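Chains: A, B, C, D, E and F, in written order; residue numbering restarts at 1 for each.
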Amino acid sequence: MKSTPASGRAVPRFAGIKTFFRLPTMAADGDWEVGLFGVPYDGAVSYRPGARFAPTQIREASSLGRGFSPERAQSWIERIAVADLGDCSINPMSQELTYAAIEKFWDEIYGRKRRGLAVGGDHSTTLASLRAARKAAGEPIGLVHFDAHLDTYPAAWGAEHHHGAFLRHALEEELIDPASTVQFGIRGPLAGADDMDVVKKFGVQTTTVDDVRDRTLDKFAAGVRLDKELPHYISFDIDCLDPAYAPGTGTPVPGGLSTYEAMRILRAVDIPNLMGADIVEVSPPYDHADITALAAVSIINEMLHIFAAQAG
Amino acid sequence: MKSTPASGRAVPRFAGIKTFFRLPTMAADGDWEVGLFGVPYDGAVSYRPGARFAPTQIREASSLGRGFSPERAQSWIERIAVADLGDCSINPMSQELTYAAIEKFWDEIYGRKRRGLAVGGDHSTTLASLRAARKAAGEPIGLVHFDAHLDTYPAAWGAEHHHGAFLRHALEEELIDPASTVQFGIRGPLAGADDMDVVKKFGVQTTTVDDVRDRTLDKFAAGVRLDKELPHYISFDIDCLDPAYAPGTGTPVPGGLSTYEAMRILRAVDIPNLMGADIVEVSPPYDHADITALAAVSIINEMLHIFAAQAG
Amino acid sequence: MKSTPASGRAVPRFAGIKTFFRLPTMAADGDWEVGLFGVPYDGAVSYRPGARFAPTQIREASSLGRGFSPERAQSWIERIAVADLGDCSINPMSQELTYAAIEKFWDEIYGRKRRGLAVGGDHSTTLASLRAARKAAGEPIGLVHFDAHLDTYPAAWGAEHHHGAFLRHALEEELIDPASTVQFGIRGPLAGADDMDVVKKFGVQTTTVDDVRDRTLDKFAAGVRLDKELPHYISFDIDCLDPAYAPGTGTPVPGGLSTYEAMRILRAVDIPNLMGADIVEVSPPYDHADITALAAVSIINEMLHIFAAQAG
Amino acid sequence: MKSTPASGRAVPRFAGIKTFFRLPTMAADGDWEVGLFGVPYDGAVSYRPGARFAPTQIREASSLGRGFSPERAQSWIERIAVADLGDCSINPMSQELTYAAIEKFWDEIYGRKRRGLAVGGDHSTTLASLRAARKAAGEPIGLVHFDAHLDTYPAAWGAEHHHGAFLRHALEEELIDPASTVQFGIRGPLAGADDMDVVKKFGVQTTTVDDVRDRTLDKFAAGVRLDKELPHYISFDIDCLDPAYAPGTGTPVPGGLSTYEAMRILRAVDIPNLMGADIVEVSPPYDHADITALAAVSIINEMLHIFAAQAG
Amino acid sequence: MKSTPASGRAVPRFAGIKTFFRLPTMAADGDWEVGLFGVPYDGAVSYRPGARFAPTQIREASSLGRGFSPERAQSWIERIAVADLGDCSINPMSQELTYAAIEKFWDEIYGRKRRGLAVGGDHSTTLASLRAARKAAGEPIGLVHFDAHLDTYPAAWGAEHHHGAFLRHALEEELIDPASTVQFGIRGPLAGADDMDVVKKFGVQTTTVDDVRDRTLDKFAAGVRLDKELPHYISFDIDCLDPAYAPGTGTPVPGGLSTYEAMRILRAVDIPNLMGADIVEVSPPYDHADITALAAVSIINEMLHIFAAQAG
Amino acid sequence: MKSTPASGRAVPRFAGIKTFFRLPTMAADGDWEVGLFGVPYDGAVSYRPGARFAPTQIREASSLGRGFSPERAQSWIERIAVADLGDCSINPMSQELTYAAIEKFWDEIYGRKRRGLAVGGDHSTTLASLRAARKAAGEPIGLVHFDAHLDTYPAAWGAEHHHGAFLRHALEEELIDPASTVQFGIRGPLAGADDMDVVKKFGVQTTTVDDVRDRTLDKFAAGVRLDKELPHYISFDIDCLDPAYAPGTGTPVPGGLSTYEAMRILRAVDIPNLMGADIVEVSPPYDHADITALAAVSIINEMLHIFAAQAG
């Protein structure tokens, strides 16, 4: 018997203690295959904070979630047991302790041969997630990265680790295989031409909003190359979306993807062997009527379908 | 002499008592051809309430309305007499009395061989409107249905009638002809694969956001088949739009249509013999800067143009 | 060992799945003495809906809660075991089923000789709570009622039970003893002079904002008479507060109490033998920065202190 | 038979076309004694605009209005016929035309020996109202003025008439009798010591928030001197209230009155022979959950009670 | 050495006194080539005011600005010296004085053979800007006009100059060459068929949202004809965008461009000899999470790149 | 000639680059006596972040500021030269560097024998300010501390320095003289009885909201004892105010002071030899219509008057 959300026809969707998708909460050793957990840390942002409240807001907004995708003709609820594992015990005032806690949380998941999805939190936390994934995989993994920003920025104010630098570190630490790394939603303005040096040097596939808009989505997706042998991780920064779709974020950039386009890319691109994923940079104090959180829920839903399609 | 809105060049658009499109208010026996009226009922929603305030908010937002469509080269103000008939006397705590009141309101309109447009309210109210239309037409009518949801859901918490079930009842009660019924904007997630059983069984033309986005809007519209002999009704659930365009609604679903696409579909699809219409599920407490209400006004404007184009 | 909230110094207050005061969730037969539970029903409101979301918002806002009152020199956390019992299984579209479910929820609590605090929901639900309390007490009980409104209104739109009528029914059903019933925060405007007939006829002690403001709070409190032999129930309608302190409510009335005054009254008035309590009419869609929810948390905190002071 | 609002027990308060207090709309020659009308002009503000939308917002918020005051034991609905006269035809881009239109609107009212209440609009419009009142009275009248600001400021940017200068003009034009003029809610900061020269020179009774807070409200009220032989006008600038009670205003000043205090002053001070009144400076774009508009409705309600108490 | 914004890696982007793009403030005779300045005037709007606060909000939102465009492979920071010249000294209560001040501000810029970008303010102010440009150019100039509205409306309420009439005046005063004037984003509804008489009579190239959506953006842009010999001016009314992208504006019109489309048009259309530009009708009181201001910043950024590409 | 704000009668208050009170910006060696500067750091908060944006919001809200206090019959503008010194160069990701930068900023001020007022920022920053003040004074100084919280909390999550611990450190480091230290606005709930151990042990005068409300404000103020020989510092945490007055803060506590009461205390208590001051914990993302920022401006205004009254 699979772990199942409370039915909206029995218990109204506005009722009850809020967990991700109204799923049962479980401990690490519970009976689940994919674990959702919160990472309420926003100590490494450069502009608007607030992402520490994202797990709470997304739990609430996910009350409207359902499991069947008509496009995929699949219900993740029926195929995989998903549970809410609660929040990772981050430390609001220590990057080091927070990253260690995140890595340990993933170690526990991977140690049990399971998969997970982290609900951030700021984007600096992805580095810790990738460290754990690299360790578990035994080799550099592939990365599917949605973002407005390259996230290969140098240190700022003397800080090596901030929310715009995780990818640079992941590349430098050889956590990921650049040949099986793709970026979606990238756009300007940048600080300078050399901002792109890192992705160019490593050979990351960087695609822009222009790339998405200048052809059909199916053709665009067909151009993405990922190594079918590697395990992959998806990191979804909500600011890949235009501020109209995701006002609730820390460093919004106009001219972005629509929620539909991001969902469609997640359906159209064949992402091999998904071992973990995250969604980051949702900042509830700047959201309105939960539209950013609802977009995040739709993205999580697509990611759960990928996990489900690759189940056992 | 046609009924005419107050001119924005004489009376500023922010001034005056708010009626739909600054039109005169009239009684049922007044000199009008198409009657706009409010249905401030939200007793059958499953998540966020608030649609009871929609007629008030839409009246205010419609102050910016104008009558001439450059695309149609037509002014509805010049072609048809439209009036604000006030609000239908719903009962916030009784579905039965409310649906009876709505049906009676339409009977009065149809009894005078006129046409109407109901500003909801939640989507459960459309069933009452279709009952009146079926009665007046003497046969099952065609339906043009914009929605994120199929609205063929079974009973919830023991309630047969709620805002996600009107279409199922309309089909079961044979109020509409499935062969001349089309749905726009439908998208997942669904609760399960069997959610689509009803529309499949009856043969409703269900189109999705993918269908709209994978071809030009004109080609898409050309694929819609409606029976030119039948009278038709349009029911527009504002949640067919993406939450970026319509945050103020009760059960928002990301990945939806843009306001432009919905307006364009209403212009491109040939909808025969329009006898009535509604717009539902606008929830003002969740709106911002009236953008949802303004989208609703744009849709009502397109529907008034269809009435005008088919006038005497 | 008492049930204890998570410490804010170990787990940051913004982290974790949200329960009332970060308390453990427990089933009816768990090890607790006072049970907090949600009643997410707003089907009986006459103006703005939204109170169905109050339990969720108050759970989140109560993350800032702490247990020690310097004025009382008491920690409720140390004196009583409090747990979050989840939400009562209301039915959004049936008053009857909802009231039956609420009554049954209380029966379970009282059957175990424990006490409870319901987080509404609209004020109509209090009637069901009082029915259960009367049944458990074996006699009419005392009532401490905070409200802007008398709540003795007659039927509206043919509905006997709505959020402005619970007190009339409680009096007529002899659930409460009028001689030990007091109202705080009452103010106009009323519909007519006869609005006060019910409280006058039954001899309820009705106090107004003028009464509070025209003397010191201690003197005011000293004037309240409650029967020390009777069990009592507190029903706190958040609209007893001025809209500046509680914008998030359904039928706001300017000229109300401050949060401080309400808290002070709860400290100054000696309320005997508290068996149950509720807080109602918090409507999150109309709140800002959670100030209404935070006021509600402060009131719940005072009520928990009364429970604690009267603990075995 | 008196003009009567729609009953909230028959027609829900959220339903229907919005007029002040759900009263009938009437023309100048209709059967009414006190006329409510809007003055949607904000062309003379010095900081935040938006008051042009006040009549619309206040009409909507007044749906919650009721006519009986328990403190006065009086129902204005039963004593006087009140109607909504619509909006005065202001000109958003011409002070001169606007003031002329306001004066003419009042002339029509006074010419019929009736009384009126203007819902502004910015405070500059009061000058036009006082001109009409002076003309109708045949002598300088008394003025009861609630405000945070003295409104005796000199010209700004070369403009003689702006929202901070009406009182200076009223005094200089001898529209009002300074000996029967009182100001409530005045507070700093001011631009300089000479800001008070005008009120000192003319001998206006200027009271501050300190004056209100340093004694009981009844004692405070007893100190106000108004000439019982003169007709009086009340001009209520909503910014006399603290921004906590009235965030939706153009030039907010912290440290102000509570809504309760303003209502209580209107009840406690004996204002002779009220011939007209206004409420100004409500700016809806800056309001939240209508709390400013609701405060305005409470003030209008108190003013209607004064009209009613003085009714033939 | 070019004028340079403060680096985000040295001074956090949320810190410091807010100037456009964190640029130095300079006087007219300072060392700059393109001057940014505010025009905080909204006295000529027909619906929602508030644009007077746009320069302040856009300064704050531009803290996130950066200078390098990956699409253009160009940094405007490196190519041109840009400065914040402060705000033009408008008069909130006098159109005449305001337009004179704006014209004089531009005269100072053009007199020094420099270029400028005005941050409005309402759209009526563009007329003054075009007068100065015409004067400096010595001939009618070309105009690139983004808007939802034609802005050729006749006088309203007797006022010749309002925010919907600047283009009519510019054509009638022969400030611009209609043959090198193009409009983007135009859409209905209009007041009547004759609304288009002015643009038709003068031969302005008026393109609609349909025109943009019915072909690729590159093909669309290729169809625009501008005279390569003439100097040009860009006037960008933020309401050319859909309200989802720009809720914070005075007269929003659904069905508009996305921010991406507008940015792309500015990149794809070859606009010769840019001498000046403005962005108008951003109304902060109606914005949410600064999304409208951020869209405005993106547009200003594209315009700065055009200036940079054409730099000496 | 004193440094003077731009006049609101010449330059409208909504125009111009925003500095504190529209004052000139000056460098440390400029011609000023009291320096206002921002401290945009919120890295040490335990709940809602956002105070990093406070200097920007308070600069904007202070546009409405004026210099004359009718209660004091004094204009600070005339008595002291005040300037905006810009923001202290904090580091968002390093407490140590931030506190060092703050201390250095004050050293510069005190080294020139001038006085300053820091606009925070979170309350942890006050410790750095007090270190500088102690150093400059050559002895422990007096402290006037407004707060809802005692701020003597122990380390949280292993962090010694957070926004609830500055006072404990200031006492332990002997920066302040407990005998001349007073707290205003303190209230529960606390975590436990031992929360008060620190203030009791050191003998700080801790007053509560009850203390303020149970007597007249003048009597209350008369009870405060401060050492007339010592220099003093004022630290004003905006959360001493009730959330109705200050929703925009990080850890709001209902039942607090009104803005009026805080202003009145600052006027009534004789605070000797003010050498520095700060206002902290304003969190703009949670504010509405700037009411929190406006309250902060009123408090800063009172503090400037104290500086002015003590001016050479």
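Following the convention adopted for this analysis, a contact is a pair of C-beta atoms (placed from the backbone, for glycine too) under 8 Å apart; a residue touches a chain by one contact, two chains touch by 3 or more.
Worth saying up front: this structure is predicted, and the values here are computed from it rather than measured.
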Exercise. Count of steps on the shortest touching-chain route from chain C to chain E?
Worked result: 2
Seminar exercise, completed: Neighbours of chain F that also touch chain E are A, D
Exercise. Comparing centres built from CA atoms, which chain ends up most distant from chain A?
Worked result: D
Problem set entry | Length of the line joining the C-alpha centres of chain A and chain C, rounded to whole Å | 41
Problem set entry | Interchain centroid distance [CA atoms averaged], chain A/chain E, Å | 37
For this session: Identify all positions of chain F at which a residue touches two or more other chains, and write them in rising order.
Result: 12, 14, 46, 48, 52-53, 91-92, 157, 242, 244, 286, 288
For this session: Just spell out which pairs of chains touch, all of them.
Result: A-B, A-C, A-E, A-F, B-C, B-D, B-E, C-D, C-F, D-E, D-F, E-F
For this session: Going by the contact rule at the top, pick out the chain E residues touching chain F in the complex.
Result: 11-12, 14-19, 25, 38, 40, 52-53, 55-56, 59-60, 84, 86-87, 89-92
Problem set entry | Parts of chain C lying in touch with chain F, wherever the complex brings them together | 8-10, 12-14, 63-71, 73, 75, 216-217, 242, 244-245, 258-260, 263-264, 288-291, 294-295, 297-298, 301
Seminar exercise, completed: chain B residues touching chain C in their complex are 42-46, 48-50, 52-53, 91-95, 97, 157-159, 162, 285-286
Problem set entry | chain D residues within the chain F interface of the complex | 46-48, 153-157, 186-193, 195-196, 208-210, 213-214, 242-244, 247-248, 251-256, 286-288
